[in-house]
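The following pair of complexes shares a single chain, subunit A, combined with subunit B in the former and subunit C in the latter.
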Partner chain A sequence: MSYYDIDAILTDSQKLPCTFELEVPGLGILEGNPGENIKAGTRIDLPLWLGEMLSIGARLGTSRLVTLDLPSALSERVMNALKADPRTVELRSLAPHFYSLSERILELFEEEEMVEVLSNTFKKRSAEIADHAHNPQGALGQGADFLRGLDETERQLFRVAHDSAKETRIWAGEAKKK
Partner chain B sequence: MYGEHGNKLVQHAKRTQALTHLPPYQTELVRAVAREVRDLDRDVAHLLSQFEGSFNPSQEPAIACALLVDHLCMRRNKRCLLAYHRVRAEKLEELCWTGVDLLEQQLPTAEEGAGGTSGQGMGGHVAMSSASGNHSSLSPEEEEYFRQYSDLLAAYKGQWTDIDLTGSLEPPKDLFIDVRVLKDAGEIQTEYGVINLTKNSQLYVRQGDVERLIAQGFLERLG
Partner chain C sequence: MAFPLPRGITPSEISFLAEMETVTILPRQRLEGLELLGGPVEPLLPPRRASLPLWLALLLKRQRRANILPPPWLHPESLELILEIETKNDEYQHAFSPPPPLPGQPTPRDRRPPTTRPHYTPDGEKYYPAPPFLPQNTARDHIPPGEPPALPFHWLEVGTMLLEAASDDLVEPDQTRRLLKELREVRMAKIRSGVDVLDAAAMGGGGVALTGVGAMELGEGRRFIAGVVDGLRRIGASKEQARREEMAEEMANGGYDGTQDYEDGEMEF
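After this line comes the complex of A and B, so read on.
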């Protein structure tokens, strides 16, 4: 992950719920009331880049600034759905950068089971993605719904799988170059 | 909420990555982000001014938190700005290598406004008046970057006169091809003498001679 990576920056802009632990003057703007104070115990959704650093500040010995919660994209409900069948969940509507978001979240939380569920999800879905990439059925095929629900990482995977299959066909002389 | 403008900028950058051309420079957004940074900086200075240089974070956790938020927002905005410009700079370099002459392309629109700038024919660098920047999808700084990068690339290529580094990697099937002239490009010198490229004429020429002109959009390959 590089400083200039656009996808990393977009991952960081996804929100997660935070609870403020102390009253801070002038921060009402985060809640949408500029000029006012933010009260202890207020729950607001902050982007990852802000929430993460505020919660890490808490670990350095000073009193806690905010406590983090799991974002809704990684809630118990979603985990259960993924356990049941990874292929029917629309990851994109949960979070456009679902996997990179979970990667970042798992740096902050201890969730052994979630790691398990997510890597399983990725494996199962990758196989499905590869299938669709190698056997295109067009935009109206039965796979269209599934493909619409791919998150950014999976989209890139799909593109790579699709392009490499095409390149191989060209190399083998079965298909013609444009 | 802070950082919204920066976010929009990065989304623009994301879209830019997928495109083959360069969309217009988001002057307004860039300015908005810079303005936000200035506001935040003023805010920090204001918060700190009450302490006269002896600020102790552990005594004033609330102020420290506000400062931290301000600082993080500034840092975030900086990252967004840098990433946006880098994506565009990389795009410009790519266009340079593929031989698309951006400054040349925008000439027709530039001429309406500036009037003075005339097409200098093919290849090379065209002297542009700064007024044409109004119509361009590049910021003045980007135009400068593009020009200087082209110069660098030309100087680099100049070291090997027998190989065209930006030429096509496809081995040609025929030495000669049919081309149609899309724009007047004047006369060009080739091994077989001078060809006159007048609009809408059709010619049978050596591929190596006209490759650059096809890339620049003066000629269209037929068949």
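After this line comes the complex of A and C, so read on.
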């Protein structure tokens, strides 16, 4: 992940529910009341990069400013749905950068089970993606619904699988160069 | 970003590499020996057979100066047999048919000691040649019994190029073409369904067996497989980190059983 990686930047801007532990003067602008104070116990969705910075006190052992919560995209409900059948969940509607987000979340929270569920999900869906990518019609044939639900990581995976299959077909003379 | 080509190697590059394979031809005209960078080419004297690099053989074939003798595996019967191993054999339900045996290694089927003699470098060091310096695509008059047909590393490239340029030299080219296509589809499906074992490669300490996979199949699957492994690695990164910390802790608390030794060691510091 490089500094100029647009996907990393977009991942960082995804919202995370945070609860303020202290009263902060003049930060009401986050809540939509400019000039006001933010009260302790307020819940606000903050971007990942900001929430991570504000909660850093928790790791240093001093009193922290906010506590973080799991985002709705990684809630218990979603995990249960992924456990039941990974292929039917529309990850894109949960979070456009689902896997990058969960990767960052897993750095912040200790969730052994979530790693298992997500690895399994990624594997199952990758197998499905590979099957769709070898369909010469690309994303237009059947399975368009599944492909619309792919998150950004999976879309890139679909693209490379589709491109290499297409290049090989062109080389073998089965398909024409466009 | 600035480099327009994707990672990996393109199909045309792979087939370019495959043109280094040696094939057998039956020349129709005389040609004096050539001194090429890859080694000398013997003079062509019809009707004696000669072994040439594939690119030169294809050139001569296109100019109607030679006929190419197809390698033994590029025969409908051999391909039929390999296809049967790939599809019907339970042992190879999820694995690829075994590659041709390498010299200096016992074949997995029978554990006989290797019979081939090693080669020697000019300095007198022993070595066994490996592909592409093995004549895996040359025609052979008699095949030792008990040696099953096997697909060499560059099977798809050599097969396709020979079908394209020298289909009149092959036995039943249409049948061969159909079998090659079928084999390719069966094996690609195996590669795709092999995603399940890839987390072994992502979690460290594991590996994935790719024995018998051809060069073109590797080239086609490379970017997808690398993407899946990288994705799994990133999801499992936090777990891996925790595991390493645990291991470091264990090491610090005395990795081996002797607690006594550990205390002794501590005293010295």
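Just so it is clear, the second predicted complex is superposed on the first by the 169 of 178 C-alpha atoms of A that agree within 3 Å, B and C clash if a C-alpha of one lies under 4 Å from a C-alpha of the other, contacts with A are read in each partner's own complex, and residues count from 1 in each chain.
Here is the rule we go by: a residue touches a chain if its C-beta (ideal position, glycine included) is under 8 Å from a C-beta of that chain, and two chains touch if they have at least 3 such contacts.
No experiment lies behind these values; they were computed from the predicted model shown.
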item: Which superposed partner A:G173 touches (first subunit B, second subunit C, both, neither); value: second
item: Which superposed partner A:A127 touches (first subunit B, second subunit C, both, neither); value: second
item: Contacts of A:P25 with subunit B and subunit C, given as first, second, both or neither; value: first
item: Which superposed partner A:L65 touches (first subunit B, second subunit C, both, neither); value: first
item: First (subunit B), second (subunit C), both or neither touched by A:W49; value: first
item: Touched partner set for A:P17, first subunit B, second subunit C, both or neither; value: neither
item: Intersection of the subunit A residues that touch subunit B with those that touch subunit C; value: none
item: Interface residues, subunit A side, partner subunit C - complex; value: 99, 102-103, 106-107, 110, 112, 115, 118-119, 122-123, 126-127, 130-131, 133-134, 153, 156-157, 160-161, 163-165, 167-168, 170-173
item: Subunit B residues touching subunit A - in the complex, by the definition given at the top; value: 1-3, 7, 10-11, 13-14, 17, 43, 47, 57-58, 61-66, 68-69, 72-73, 76, 79-80, 82-83, 86-87
item: Residue numbers on subunit A that touch subunit B, as the complex places them; value: 3-7, 9-10, 12-13, 22-27, 29-30, 32, 47, 49-50, 53-54, 57, 62-63, 65
item: Subunit C to subunit A touching residues, read off their complex; value: 6, 8, 10-12, 15, 160, 164, 188, 192-193, 195-196, 198-199, 216, 219-224, 227-228, 231-232, 234-239, 242
